[in-house]
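Below you'll find the structures, each written out as structure tokens.
In what comes next, subunit A is part of two complexes: it sits with subunit B in the first one and with subunit C in the second one.
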Partner chain A sequence: MASGPSGRLRQSAEALAIPVGALGAAMVVFGLVMAALGRSPLEVYELIYQGAFASAFSWQNTLTRAAPLILTALCVALPAQAGLMVIGGEGALVLGGLAAAVVGHLLGGAPPLGVKLAMALAGMLAGAVWIALAGALRQYRGVNETISSLLLGYIAIAVFNHLVEGPLRDPASLNKPSTTPIGDASMVGTLPGLDVHWGLGFGLVFCLVTYVLVKHTTYGFALRIVGGNARAARLAGLPVGAIVLGACVLGGAAAGLAGMVEVAAVHGSANASLIAGYGYAGILVAFIARQNPLAIVPVAVLVGGISASGGMLQRRLDLPDATVLVLQGIAFMLILASETVYGRLKIFRPERA
Partner chain B sequence: MTELGWWGVPIAVLGGAVRVSTPFLFVSLGECITEKSGRINLGLEGILVMGAMSGYALSYLTGNPWLGVLGAGAAGLVLGLLHGLVCNLPRVNDIAVGIGLMLFGTGLAFFLGKPYVQPKAPTLPAMPLGGWSASPQVQAALEVNPLFLIGIGLAVALSWAFRNTRWGLIVRMVGDSSDAARAMGYAVPRMRTLCTGVGGFLAGVGGSFLSLYYPGSWSEGLSSGQGLMAVALVIFARWNPMHCFYAALLFGGAGAVGPALQSVGITSGYYLFNAAPYVVTLGIMIATCSPRRTLAGAPGELSINR
Partner chain C sequence: MSDPIGRREVLKRLGVAGALGALAPYGPRSAQAADKLVVGVIYVGPRDDYGYNQAQAQAAAAMKKLPGVSVVEQEKVPETTDVQKTMGSMIEQDGATLLFPTSYGYFDPHMLKMAEKYPKVRFAHCGGLWTDGKHPKNTGSYFGYIDECQYLNGIVAGHTSKSKKLGFIAAKPIPQVLRNINAFTLGARSVDSKITTLLVITGDWALPVKEAEAANSLVDQGVDVLTCHVDSPKVVVETAERRGISVCGYHANQSALAPKGYLTGAEWNWVTPYTIHIQDAIAGKPMVNFMRGGLKEGFVRASGYGKAVVEGARKNADTVKAQMLKGEYVIFKGPLRDNTGKTVIASGTAFKQTEPLLEQMNYLTEGVIGKV
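Coming up: the complex of A and B.
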């Protein structure tokens, strides 16, 4: 294994170079697809850059999309530390948003700061319960968490639709069934000096806290042992069930907070706009970041930027809005395939003493 | 609905089970082959959507829905082989690649399928097997698609082949112990890639049923997780093709409860009834799994069991 400063440097260089290389390869493959369809790849990439990062307005659009992605990616990355592959973030986000909207409406007259805190807590709690359910089923019943979390996601969306179009529907929302608006006083504002809402700040803080928790605390150490070998962890006397559930609770809370942010900073009430696929894109972000909480931030900005440019491609090149999904899909497959390259490239191998 | 009254509900559920179960049946048979060889392909959801799109597009372009079915299978075969080949690389996780393929397949299908959302393609014919009954409900329930019958035949043939043919024995051995298979001189990765490809073919055919028969058109919201539920269904069926058929009927019936109740005027809780298949799937998985032992009949090399 790598040791000493030069070995560690080589390892970090490898961890950076391989995903970047895979993304570069994905851009080449996607460019070939575009060329095959008679579009100039350079023009496509130029437009993606313009739509994502060229102006203050596009940066605002990109960062607004990156905020929920950071949080839903944590919902994948945290359980992944314990060796669980949870992909039900969409359900946790939707239920978190609904819980926040209900609490925000019920506490309508209370001091705004208290309402916002209560909404955040409600959203995090709803998401935490939902993902913890998948973790508990895995831990105590042996049910595969990947499948159960996705099924729970579908169930969450059905419950959400039922409540929003039935018992919780605001009679005043005619064309688009919604819950009662939480009111302007309870809306979460923008970050100082930026035109981006506070969700981005929440995401950054959550990532930082997660990073410290995983890399620099006893709990994080135990978590990584469980992820490495659950049987060995049990033999060492670690409370494996509690550790796994803790990771699921935190991950679910992150996704639930994403739902709260979407309600309290963007939509103002819970409606079908919450079901926008942030949960699924978060899976992609977490895998490109190789489940590293700090790497999630730049990757989420990149993926948020790509999806922000979808409208631009549609308007200027008459490409379907799913074009960015193809680019994301190709990138995802190549990132996963690149997993095989680690430790096999000569330049990154530490020389033997 | 008047002369049958409440009897209409079970008949509609039964008819719905026959109608809705076919995609479940094909996807689960495909996944059964893949899992028997020791791989799990969660990407069948993406393959299903891609199959639905390419089947519809080909049927529209050629005017022959059966060519569409074949084309859907071919698209599924390509994506299945892609999954198989990527998973052959050392240290690549088959579940993660499945999630990737799920997103890639649906994205590609939405991208390529945009021009086919509007036009009307020729769809597959139905075989009216209910002519003996005077009741229109019974007749409607017994309108069977040929693919359903092909699926039943396939389930019977597969369960026979797994037991009685050389090919079936090799697939089972590759899935149960790659060491034994290697010792016997079989190329394990190649067998698994082939099995994933065949599984993809069947999942693609299952997708073409969605766009070419029921609901019978192509749109982006066409699939609602059937490909994923089929993976859970195979676990429930304990990797037995005939049990896959029974389980597909059960899942199809669960999916038909909502529309059937709606037809007798119960419309509240529409979304909750639509969630019935997911609840049934989850309930069944909770009931059949156990933390202490691997499931009876599970292939030994399957990554979800380790």
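Coming up: the complex of A and C.
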């Protein structure tokens, strides 16, 4: 094991250089694909840069797309610390959004700050309960949480659609069934000086707090022990059930908060637009970030940037939307494959005394 | 005309053009020349879906041929902040000044928000209910009375069906869809009042697997003419062909998918509203905020008749179409009952196509077997 400050530095350098190298390799491969299609790779690179990072506008475009992914990725990364593969964040997101919309409407007219807080709490609670359900099924009934969370996600979407198009539908929403709007006063605005909504701020704070929680608290230590070997943790006298459920609650709360943001910062009510696949995209982000809450932020920005530049490629080069999926696919396959390189490169190996 | 441009000016412009030309290989290709109207078109699904998005893309393709117009397009844009940023990108990065956000869900809040932010850009939305005094003047909605073509579909289907059972696969029970189901059924029952329409609602705009299941189950129940209102009718049309029954198309022309069973279809002709908006933008005229039209105005059209259409059907449909083209035919008139027996349009009342109540339809007419 690497030890001492220079060893830690080497480790960090390795953790940075390998994914960045993989990303560079992905760009080369993607350039070759583009060249095979008769497009100039240099022009493609330039457009990707322009679309995602070249100007204040493109940065805000990228960050807006990254915001929901940060929160939904946490819904995967936090239970993963306890060894659970939860992939049902989409369900927690839509139910969180629905709960926020209902609470926002019921409390309409109350002081806006209170309404917003209540909406955030309602969203987080709904998401937390939903993912905790998958955690409890696994913990106390031995049901595989990957499958159960996926299926619970479908149930959540069905319940959501039923309520939005049925009992909770605003009769004034004719061609797009929605719940009653929460009203302008209860809307959450944009970050100061930016055209990016508060979802980004919430996501950053959530990542930071959970990073500290996981890496620097006794709960986090216990959590990682459970994730490493639940049986050993139980033998050591740790309350495994509570710890696992705690991780699920936190993860679900993050996805539920993402739903609340969609309602309170974007749509103003709950409707089918909430089912946009953010929950599923978050799975990818969490895996690329190797389930590290802090690494989620740059990865989400990368995914947001690729998606922002996808529009540019479509508009300027008349490429189909699938182009960006090809780029994303190549990039993530190579980043995941590059994990095999860890510990094998000489320059990152500590010198032996 | 204008005074001649001086030699110095010409040289200057040539110099700039030359410099830009020299730089061009290094920089990205700009979407437009400075004096062109840049039009941005945004689709919610793939442009080649044989359906809703393809109908819009066909108009966009026609617009590319207009002089002084350049078109930028983006497909599969969800109704989230994505579409706001896509509109913003078209304006900021491509210089677009006229946008066609074509999906219903783009209207509120996304397009309205961007219209507030970019008051000089025109936003022409497909299907939205633009309301004077409530929505900004740089926004507008265009839509077509496609129920006219659905009524014609119904007439042809009514003549073709032997089992007297028609099938309709619909995405969601919302006014635009209900109006089509009802018009189709009324058209068919104008031929034979014993005809019924079996309705299946799938729940969303693009669910190919459910649509195929619904199509097969309707055929199994004895339906011999099928039609639909989903984003891409491809699966429904192909399934009908495979099962050997007739089918009426929707959104775009799907006759290539069912050479044997395709009767006719209700198609959009978005070239008309696109052209009006583009011409107004070029001329600097204020935009038409609320634009509607049917067969007469050239907003919709019927697909050419397929091989399976019998002579009587052709004649009957053509007669009604001729009246519609003159603007004389009324589809929704009293007495009209819904399928629970309640009177929804009183005797003596006739709703013109422009009637706002029709855009709030919430019932299924007599003869439709199904529930809202």
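The rule we apply is simple: the second predicted complex is superposed on the first by the 353 of 353 C-alpha atoms of A that agree within 3 Å, B and C clash if a C-alpha of one lies under 4 Å from a C-alpha of the other, contacts with A are read in each partner's own complex, and residues count from 1 in each chain.
Just so we're on the same page, contacts are C-beta pairs under 8 Å (C-beta built on N, C-alpha and C of every residue); 3 or more make two chains touch, one makes a residue touch a chain.
Model, not experiment: these values are computed from the prediction.
Asks: Determine, under the contact definition given at the top, whether A:Thr217 touches first (subunit B), second (subunit C), both, or neither.
Replies: Neither partner.
Asks: If you stack the two complexes on chain A, which partner ends up touching A:Ala272: first (subunit B), second (subunit C), both, or neither?
Replies: second
Asks: Check the residue A:Ile330 against both partner chains and state whether it touches subunit B (first), subunit C (second), both, or neither.
Replies: Touch partner of A:Ile330: subunit B, not subunit C.
Asks: May I ask you to decide whether A:Asn161 touches subunit B, subunit C, both, or neither, giving the answer as first, second, both or neither?
Replies: Both subunit B and subunit C are touched by A:Asn161.
Asks: Pick one for A:Pro320: touches subunit B only (first), subunit C only (second), both, or neither.
Replies: A:Pro320: touches subunit B and subunit C.
Asks: Return first, second, both or neither, reflecting whether A:Glu46 touches subunit B, subunit C, both chains, or no partner chain.
Replies: After superposing on A, A:Glu46 lies in contact with subunit C but is clear of subunit B.
Asks: After superposition on the shared chain, which partner residues are touched by A:Thr64: those of subunit B (first), subunit C (second), both, or neither?
Replies: second
Asks: Would you mind listing the overlap between the subunit B footprint and the subunit C footprint on subunit A?
Replies: 161, 165, 320
Asks: Within their complex, state which residues of subunit A touch subunit B.
Replies: Residues in contact with subunit B: 85, 87, 137, 139-144, 146-148, 150-152, 154-155, 158-159, 161-162, 165-166, 280, 283-284, 287, 320, 322-323, 325-326, 328-330, 332-333, 335-337, 339-340, 342.
Asks: Show which residues of subunit A lie in contact with subunit C when the two form their complex.
Replies: Contacts found on subunit A: 43, 46-47, 50-51, 55, 57-58, 60-61, 64-65, 161, 165, 174-177, 197, 262, 266-268, 271-273, 276-277, 307-308, 311-312, 314-318, 320-321.
Asks: In their complex, what parts of subunit C are in touch with subunit A?
Replies: Touch residues, subunit C against subunit A: 27-29, 31, 40, 46-47, 72-82, 84-86, 88-90, 92-94, 104-105, 108-109, 127, 129, 172-176, 203-204, 359-360.
Asks: Could you pull out which subunit B residues touch subunit A in their complex?
Replies: Interface residues on subunit B, with respect to subunit A: 42, 82, 86, 89-93, 95-97, 99-101, 103-108, 110-111, 114, 224-225, 228-229, 231-232, 235, 268-272, 274-275, 278-279, 281-282, 285-286, 289-292, 304.
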